[in-house]
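The following blocks contain the structures, represented as structure tokens.
Both complexes below contain chain A, partnered by chain B and then by chain C.
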Partner chain A sequence: MRMLQAKHDIPKLLELMDQDRELFVPVRDEGGGRFARWSDLDLSVNEDIENTLMLAGEATRRPAKDQLFAETATLFRFRLEQGDFHLEEPPPGPSPRVLFGVRPCDGRGFQVIDTLLVGPHGGDTAYQQAREANLLVGVGCKTPGPDCFCTSVGGDPHSSDGLDVLLTDLGDAFLLESITEPGRDWLSGLQKHGVGFLHDAGKRDAERARVAQHEARQRVPRQVDTSRLPKILERSFNSDVWATVAPACIGCGACTFLCPTCRCFDIQDLVQGSRGARVRVWDSCMFREYTQEASGHNPRIRRAQRWRNRFYDKFHWSGDGRGNPACVGCGRCITHCPSGIDLVEMIERVTSAEGGA
Partner chain B sequence: MSANPYLLQRARIDWIVQECGGPRPIRTYTLDPEDSTEHFAFEPGQCVQLSVLGEGESFVAIASGPEQDEPLQVTVMRVGLVTTALHELNIGDFVGLRGPYGNGFPVDRWRGKDLLLIGGGVGQAPLRSLLHHIEANRSEFGRVQVFYGARSPEAMIYREEFAAYEAHRDFDLYLSIDWKWGPDGPLDEDACEGWARVNLSNLRSTRIEQDQVRFTGFVPQIVQAVAPSPQSTIAVTCGPPAMIRRVVEGLEGLGFGPDQIYTTLERRMKCGIGLCGRCNLGPVFVCTEGPVFSYAQLQDLPEAFA
Partner chain C sequence: MSLPQVLDRHLRDLFGSGRVNSVLGAIPTRGPLGMAQLARTPEEVERFTLSPLACPNLLVHLTSKEARLDPTRFPLAVLARGCETRMLNQIFSEHGLRRDQVYVVGLAHCPGAIDPRRLSAQLPVLRGFPEATIEGEEVVIREESGELARLARTELVLERCRHCQNHEPLIDDYRFDLVEEADWIEPVSVDEDPGVEAIDAMIPIERWAYWRSQLERCIRCHACRDACPLCYCENCILERHTPCWVKRSVNLPENTAYQLLRVMHLVGRCTACGECERACPVDLPLGLMMRKMENLVREYYGHRSGLDPSGEHLLSIFDPRDTTATARLEQ
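Entry: the complex of A and B
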């Protein structure tokens, strides 16, 4: 299903979206951008919206992941008694939401996390519930950000993978295309109430979208050849190349916390008086404590080992279950690394150091 | 959508045995899982997540045998926050329990074979589970040789059980305690009366009396002194990483192939169900695809020996 939406009517559309499901949108802020609840914003003027919402292709510093894989999530609650305990009834799951303005790389990131947060004993319930409750409405990147390299890892500035609806910027209007069944139902619901400003898109609009998409693809600023990585990584585990990043890396974990495909977590018990909750909180494989055993033994004691683990996990061990690596090329870990470590350069370094033999 | 995999059941502590004291005491807990109207089913070598609510969870090997008539037991050394909190609980208190997790020993493939069980310290727990299973199905296995070592006679766990094995000769038993240590290394003398030392300068030429059970020496040395044959034999070794490494080297020297040697790996665990990421050997999670691995498998896995 394809609809056309004039840009000056976007506020009306967003109001409409907020009716049945809670709406979240990407907003510019001092922190580099994040997703926020639409009803918490006070935006009436059109210009406000254009300036505040991040819809052109620049990624929010914090990926859409945060909305579904929360920094802290409750696994269950309990009550403590002397030498005993009781579990409490779980609270109701999340209510239906729309995440509007998801970057296509973030959409692909969810496909990676989908494969990682499920195991032989089932999947992470909080994530799965959030996944089901959230309709993902992506906006293609007209102007990709400075460190984007999505086209080098199987992506595209207008990839619809993992999204329910994709918007393409046509200059004066957005083309809205449903990708999934729920996306289609949602769009047709909007259409019923959006009479007057949401129009059926024609063939010509689809044509224009294809041109815009093609042009955006040419604007992805960085390219790197990842096709040989699978072979190269098979024999590079003991390469000297890993030691070359370790001196610069300060082990802050920013690259993992901001990554749309990282999902490592810790589990902690929070207790207040006799009530408690077991929560999962983000963790990072870049931290030494991550693998530190109670006995004192640590299989990844050195920073180079932890860096190598992250790299291998992105490009060799994990993936999106569709033949693509677990890195979606969003560039966040490059832009925000305080030490200026550049993943694209690192891919090149690994390839040239180990690719010859 | 699947059921919440982090939920746990209450399990009552029915009995506690203090196995040994010292700075890192070891205790065995007998547990009665509340939800299991039926038997808590598992395979030897599998693990459970034990919770002290408010403190956290600990991933521990099951120490009891899998047979119907055996109560569920775990043996826990006091090392971290959770195990310290566990050691403060009393009979009648409740812990949280989920599992069983992990792969367990491939016992079905071992039927008809001779077995070596080589354990050290608290690593003996999964081997005890295996041993109980063998005892209950004795005719299905060939010759069974059991090696177990600790720092001193007092530091040995399952002492009563070993004494019974010693008395009844159910298995070929080789118990050992560490050397006494002098300024230049181990003292070439029996560390305790009745614990005969192996020949330090030439392990293989150690004279072993018929029926001799108690030795002075490190576990890998005792294995060398006894020099078991690799013929149709599976060796299983669990214990501290340094011990495992030397045991494996020794077994290879005796002609054991990498697919004849099995071990259990320890890693820091949180979720226990392959989600949280930290216990990986490359693409493999120890909590779900381990903790039991053959040495042949480990040779192909990154950081397996790190």
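Entry: the complex of A and C
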């Protein structure tokens, strides 16, 4: 199903989208942008909306990940009564939502997270509920960011993987295409109420979209060959190359917390008096504490070992379950690394150090 | 060769004479930031740059846990600007490192380092690591195609460089002038700190509303702590679980506790280098907290950290006749 939406009528579309499902949108903020609830924003004028919403240019610095895989998620609450623990009724799952303006890299990121948190034998309830409650409406990247390399890891600025609906920027309008069954149902629901501004798209519009998508692909600024990595990494574990990155890395978790596919977590009990909650919080393999064992031993005590682990997780041990790496090439870990470490350069270094052997 | 010949030769000779095991400097990166590089051989010195774009504070690689796990890097030579020698002093004074472990290559006549965020705000089109020089009160950015921009120095340098009083190294074993003696005019030092002043002018409820809106955005990635050369406790309180002082939960109360803890552990030690703010991936205004704290330490106790390598540590001084703080409270 294809629809056409003039850009100047976007506010009307957003209002309409907010009717049946809670709407979340990418907004510019002091920290480079993140997703926020539409109804919390006080935007009335078109100009405000255009300046605040991040639908063109750079992606939100914080990926859409935290909307489904929250930094801190309460799994259940408990209380202590007369020496016994009692579980409290779990809170109801999230209400239906629409995440509007998800970048294709973030959409593909959810597929990687799914491999861990949505298992065939039951996964993480909080994440699964959030996954089911959220309809993902993506917007293709007309102008990829300075460190984007999605096309090198099986992606594309207009990849529809993991999305329910994909928008393509046609200059004066967006083409909306349904990708999944729920996306199609949602679009036809919008169509019923969007009379006057949401139009059926024709063949010409689809052709314009293909051209725009092709042009965007040419604008992805960085390319790197990752095809040989799985083989190379089979014999690179003890390579000297990992030590080259350690002197610059400061061991913080910025790369992992801004990554759309990093999905490590810790479980903690927060207790106050006789009541408490078990929460799932983000964790980072770049933290020394991550592998600290109770005995005092730490198998990944050195930064080079932790860096290598992250690299292997992205390109060897994990994936998106569809034959692609667990890195979606969004470039956030490069642009925002406080130490200036460049993942693409590291891929090249690993490949050239071990590739010929 | 990126370094001036005389400096390049000196650094290579340090290896030859067995004076050091490694040299810590910065190399250019793909973006306008620069990256720390630990040269273990004379040849590796070759890629070093003195560009004002290479702004990360290198001293963190002297005090970090990684450095302690790697004693073979010492004795180590480090390229240090005036502000960094002040911080080194502080580290020596609190016995974080011994003076003989560090060979200080003091970079004198320092006109400042460029803040990558200010640069990208002013020149969004800029890519790569262009040639940048500070000429008096102007920063000149050149690309291969020619001069790209001429911008006001005070608008482009790191916040600490705007207020800098330490253009010269406080200690050194070797001194190299970043700007030649004949061309050196001490840069303008800005007294005003509009950021801190704006917060001082707020009434408490406004101030809390401001900090609340900022602290809510913290993602607790620890970049601020890990970038700080003075945050080097062997057992950081943030990694203790029994008792658990700051919980991992990312929310306003815990984020506030985390940031306050960081500030309080740096009282009398912080040199307001601003590295915490520079490292923050979500642009929290952490430098405001640190500068305010440093101002208060100076105002209450007349103390400035790091000015003397054998100086006393503010919080280690106990004098029953000391009335500076109580007198102020009674006023």
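Following the convention adopted for this analysis, the second predicted complex is superposed on the first by the 349 of 357 C-alpha atoms of A that agree within 3 Å, B and C clash if a C-alpha of one lies under 4 Å from a C-alpha of the other, contacts with A are read in each partner's own complex, and residues count from 1 in each chain.
Criterion: a residue touches a chain if its C-beta (ideal position, glycine included) is under 8 Å from a C-beta of that chain, and two chains touch if they have at least 3 such contacts.
Remember, predicted model here, so these are calculated numbers, not experimental data.
Applying the stated contact rule after C-alpha superposition, one finds that A:Arg61 touches chain C and leaves chain B untouched. In the superposition on chain A, contact of A:Gly32 is made with chain C only, not with chain B. When the two structures are aligned on the shared chain, A:Gln268 is found in touch with chain B and with chain C.
With both structures placed on the common chain, the touch criterion links A:Ser295 to chain B but leaves chain C unconnected.
In the overlay built on the shared chain, the residue A:His158 is in contact with neither chain B nor chain C.
Residues common to the contacts of chain A with chain B and with chain C across the two structures: 266, 268, 283, 292.
Against chain B, the residues of chain A that register as touching in their complex are 75-76, 78, 80, 83-87, 90, 116-125, 128-129, 132, 237, 263-269, 271, 276, 278, 280, 283, 285, 290-295, 297, 299-300, 305, 309, 312-313, 316-318. For chain C in complex with chain A, the touching residues are 24, 29-31, 33-38, 56, 60-61, 64-66, 69, 127, 214, 217, 219-223, 225-227, 239, 244, 247-251, 278-284. Considering their complex, residues 1-8, 10, 53-57, 79-80, 83, 89-90, 92-94, 96, 101, 241, 266-268, 270-271, 273-280, 282-283, 285, 288, 302-303, 306 of chain B touch chain A. Considering their complex, residues 29-32, 61-62, 71-72, 146-147, 246-254, 256-258, 266, 268, 270, 279, 281-284, 287-289, 292, 301-303, 334-336, 338-342, 345 of chain A touch chain C.
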